[in-house]
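Each in structure tokens, the structures are laid out below.
You will see two complexes here that share chain A, one where it goes with chain B and one where it goes with chain C.
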Partner chain A sequence: MKDLAPILKTLWKNKTGPMLLIMQIAVAFTILINISFMAVSKLHELKVPSGLDEEVLFSLRTNFPVAPDENAARIQQDLLAIQTLDSVDNATAVNSIPLTSWGLFDSINATIDPDSYIAQAGTYTGSKEFIDTLGLEIVAGRGFEDSEVQIAQLDYHERPNSILVTQGLAKWISREDWAGAAGMTVYINGQPYQVVGVIKELVAVWPDWTGNERSIVLPTYHYANEGKLMIKAKPGQLEQAMEDVNGLLMQLPGRFVTDLEKFKDTREKGYKGMESSLIILMSVTVGLIMLTMLGVFGQARFTLMKRRRQIGTRRALGASKSHIMRYYVIESILVAGTGVIVGSLMAVLLNVKLMEIFRVDSVPFEYFLYGGLSVLVASLVAVIPTAYSAANISPATATRSV
Partner chain B sequence: MLKMRGVAKSFITDTIKTQALQPFDLEIKQGEFVAVVGPSGSGKTTFLNIAGLLEEHSEGQYFLDEKETTGLSDKQKSSLRNQKIGFIFQSFNLIPELNLFDNVEMPLRYRDFNAKERSERVLNALEQVGLAGRKSHYPQQLSGGQQQRVAIARALAGSPSFLLADEPTGNLDSKMADGIMSLLKDINKQGTSILMVTHDMEQAQQAGRIVEIRDGHLSEQKVAMTA
Partner chain C sequence: MGNYYFKLAWLSLKKTPLLSLLMVGTIAIGIAAAMITITVGYMMGKNPLPHKSERVAMVHLNAWDPAEPISHRRNGEPDVPSMLTYRDTMALIAADRADKHVPFTNFAATIRVEDADVRTAQLHEVRSTSRHFFSVFGAPFIYGGTWSEEADTQGESVIVLSKRENDRLFQGADSTGAHVIVGSHLYRVVGVIDDWQPTPRFYVNAHEMYKSTSPYFVPFESQMRNNLFSPTSMPWDCWGDGPTSTLQEVMLSECVWIKLWLEFETEEQKHEYFEFMEDYTEEQRKMGRFNRPEPNRLMSVTEFLEEEGAVSEENKIGIGFALAFLFACLCNVMSLMITKFHGKGGEVGLRRAVGATKQNIAIQFGYESALLGFFGGVIGLILAQLGLSVLTEMYPEYHANVMTMNFSLMVSTILLAVGTSLLFGLWPIYRAVRVQLSSQLKSL
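Presenting the complex of A and B:
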């Protein structure tokens, strides 16, 4: 490490170039760390299980072309008729379809006091076969009794006081033992509800919501003159079931059927925005790394041109090619390393701000470790060709007076 | 100390072969001061580069302190150059970002000296050229003559067998040039051999021997007078 002192002195004497490069690396590193973390978090969100039996599910929106007081009966007749189709396993009416970004949410409180806020959760209501149709799994407590499930008009006070919650929400209601949430009472809009069971997973309707593992299911389906249905096809008969259901519903005069869609497509559409932003994030990250490498390469190349005579002099005075290579590589590691250290501090500060503003998680230590190593390796890759050229400068020509 | 037998240098570009130096024999003994003279383009610098192990000769044998230099690796040649040869360039070639102490210390960093040994050698060398008091100055704070003195101190610090000086006074006015010549002669008197390329016949006459290179042919000249 005999080169260290002269390298530091030389860098200090001509600090503008190296300082700019250090800032470039630091800023790139700051963005790189936070973007990588966001990208990985988004990737993780894309893979979050919905809890639904996605392969056999589809949904549609339809109207009930009857007098208002016959709506409830019409819905039940339609569901019964659909359930009897050979290609269909089960069917339910739903207020919202998961991952479509359209639905309700409620604030869950521990007591009637609004200050006892626990968490927000996506709200689903469905008719009798909701749990079975969607393929949900009850992992604690029980599902709804037939007597609890009803199709009613929109009136909160008519709701039975039983609800199901997802495991993701149960962990907030009963922090030490999520299964213990079954049997507990929670408050929604000042009304008490008893949690009768816990569903393993049921994704909320908003794909990009960080709390979308928290959902509740109410047993009252509020009808109107149109609504959404979700249907479970028999295995391997999804296409047929979609055709059969459409044909069956359209037999009724004045009816429309729209948004007939496989749940796989619903999911894909739901995450399309996130996928696009993930691709953009990844592209920005790759672009930044390349920009940083170009910066290091440019700085090294510029320095080489400036120091051509100096390198020749060093060679004439006894430096071997490996001495020159070593000099350049150490110099690059020093500059890139300082950039990484400054960048790490900036990344932590930025992350703290992002945590305050967007409630994102803190960036794990591994990101700094692997990010730092990546930047150092990228810098070395950029500087080695230049260092090699420098080592091969002919001392005879470089030291010649012009 | 320096012995060349049948050494020649040719360059081949495309299909044309250019003979830069015709085969020649030369021997320089310990303590000699040899001036190399000749017109521009005659091959002086090529000769100096071969003597300084900066360029490979095409033919012949070159012994430096009895060691055959032909076919040595870059690392071996660099090490030999560092230990046996001190370079003095026409345009000084000091490193502007380093102060005088660090400039003189630079070649010593490629050897196995510890920090104390390096410091002693640097201060002795700067003392020898009369600049010990300015060790913290930077090259741009000195006159041309002083800069060349620093370059001489840098060449001397490693106790080389001989100094190779390429037009050492070429960038200096006559007064400064006289000072540098006087310093070189002092160094020579203390036992260090010097091989100096120059255009200036008056300076060449101050050396003990003159070698003339003309159109790639190397020949000895008689010294008319010595200072």
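Presenting the complex of A and C:
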């Protein structure tokens, strides 16, 4: 450590270069910490389970080309016909398809007073077989009974009074014990509903909504001249089922079938934007580390030119190769370390600002630890080749012109 | 004199190829990152109707459930619906207090040429609106024109196609007067608009702003007459107890589903119109509607873009990050420049000794940093174009317009590169010029 004093002295005497490097590392570190934190949060969101039986599900949108008063009968007929296909396991009509960004949401209140607001939740309604077709798992209470589920005209006179909620929402309704949500009463649009059961997972329709683990399911499917169907194929017969269902539906004149899509593809499409953001964030992270290395390398390399004579003199006066290397390494650690410390302060400030805008959490301490370590390692990796060649300067050549 | 300095700068860069490459590369990467994010942010936030953005406005009426607001704004305040009920839309249009009224909604229908096989029909989104849509929002016609006033009031079955659909259905010929079948209704083509993609597509909500424009347009009233209704794809929102299974029921209901834009001759008239909206609301209150406290809104294009958050916070932060990244890159370049100019101490000493002034030296190095910036800018521009084309692939939900640099952005890229490298060259130049004559000459 007796090198420390001369190193500091040299750094201070020629401070512009090291200062610039410190600034560069600090800025890079600030961005690095915040971006890698955002990337990891994005990764978590991407991994949110949909709760659906994704491997065998597909969906489509179609019309019911009949007189308005025959719509309900048509839907039931279609569903029955689809369910009897050999390749199909089950089918249901739904108001919206998960992760497609088109659907309803409702505010859930604890009492009739809107000030007792609990949370917002995505709203699903489906015909019979909704739970089974989507492959949802009831973890508390019960599912809907057949008598509760109905296909109704879109007027709210035939209002259901029972709903299912996801576990994500149950945690908001009954904070201490989510399972206790089953049996409680909540209010939606001023109307009471009894929570009869809790679904483990059912993702809402908006992939980028941070609350998308909160959904409710109503047992009344409201029909119109168009509808969306979700269909569960028998295992391994997904392609076949899609073809069969399309063929079956298209037998009716005036019919269209569109957005015929495997749920796997729906999911991929829904998350595509977030996935792209993640890739960008990660490549920026890598780019920043590279840039830092480049800066350290450049700085060390080109101060080496200036110091050839100094190093030669030191070698001539008896400094060993390892002394010279140690000098360079300690110097680079000092500079990078200062950069990391300044950068950490800036990163905290930036994070506070970001927290206000995005309501993200504060960056955990580990990010600073690992981020700082990786910047130090990167700058060491960058400086070692230069230090090595500096150590190999022969005293004879370096001091020749003196 | 300029040529001479350029030559000197060029020679100097060639003398230390690795160092020059490092500097140019670092500038290029920083510039590319900055310009990619700036391009996306700029294109997203661009004013799409610069000459009349304050005279074109959207009506937001607070006809909603007294029990609960429709949703909450980002700042937590209760929001007002951005769409209208059918009855309010019709009442406002009938009152005729604005220069031009553009109500619109959309539906999906299968469309084919009149005599073509049924199986060639494709499902498309159709925009149903008024004849003023094209002139207010600036869509240019290549054949024919918009429909007549009668077509709007009588709900005639007439249609305007996009160029792309006209190319597909009529092989690009002038199709005015031809017929297409929309669902099961015969529509007469009256016009074809050119490729048209306002960026952002300011007249719809934020999540649709960067998607492609609709390929077909029909009179609003004709949608009602022909009973074309797409409850599973159109934007709409309901409250209350009314039935809404059919289009007729929706028209009578309190559901909001129609966007209404207006164009005024002067901004003065726009302010008067707001007064009129207040009067209308007051009148409706007497009939028991409009029982919410939040005020109505008449939002100009720029206000609406701001409110919808056309440029998301994420984008703004992205630009901030990229600029910080550019700053880090430039710090790197600056320290490289210091090293570089330091190494040229001998040359400076010699030039000074044979009569060059400090200014001459400064100008010489200035040319060198400008040249570095220029090369960095050009390579950065190429990198940015690559980056933008990769982004276009990665974000298919955004129209490619958002990821495209226009000419002024390209020029700004080069200017930014040259400007910043000159700025960050100032300190290295100052240090180089200050060199002690004697100390340098001694060692030559």
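Following the convention adopted for this analysis, the second predicted complex is superposed on the first by the 398 of 402 C-alpha atoms of A that agree within 3 Å, B and C clash if a C-alpha of one lies under 4 Å from a C-alpha of the other, contacts with A are read in each partner's own complex, and residues count from 1 in each chain.
Please note the rule applied: a residue touches a chain if its C-beta (ideal position, glycine included) is under 8 Å from a C-beta of that chain, and two chains touch if they have at least 3 such contacts.
Because the structure is predicted, anything quoted here is derived from the model rather than measured.
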| item | value |
| --- | --- |
| Which superposed partner A:Tyr223 touches (first chain B, second chain C, both, neither) | second |
| Chain B versus chain C as contact partner of A:Thr10, first or second or both or neither | first |
| Contacts of A:Ala316 with chain B and chain C, given as first, second, both or neither | first |
| Touched partner set for A:Arg74, first chain B, second chain C, both or neither | neither |
| Contacts of A:Gly287 with chain B and chain C, given as first, second, both or neither | second |
| Per-residue contact with chain A, leading partner among chain C and chain B | C |
| Partner chain in contact with A:Pro395 - chain B first, chain C second, else both or neither | first |
| Chain A residues contacted in one complex by chain B, in the other by chain C | 401 |
| Chain A residues touching chain C - in the complex, by the definition given at the top | 16-17, 20-21, 23-24, 27-28, 30-31, 34-35, 61, 68, 71, 101-102, 107, 114, 153-157, 189-190, 222-228, 254, 256, 258, 272-273, 276-277, 279-280, 284, 287-288, 291, 294-295, 298-299, 302-303, 305-306, 354, 357-358, 401 |
| Complex contact set, residues of chain B against chain A | 45, 49, 52, 54-55, 74-75, 78-79, 81-83, 87, 89-91, 93, 95-98, 102, 106-107, 109-111, 154, 158, 166-167, 170-171 |
| Footprint of chain B on chain A - complex, ascending | 2-3, 5-6, 9-10, 13-14, 309-310, 312-323, 394-396, 399-401 |
| Chain A-touching residues of chain C, taken from the complex the two chains share | 19, 22, 26, 29, 33, 65, 67-68, 108, 110, 121, 123, 184, 207, 229-233, 239-246, 249, 313-314, 317, 321, 324-325, 327-329, 331-332, 334-336, 338-340, 342-343, 391, 394-397, 427, 431, 443 |
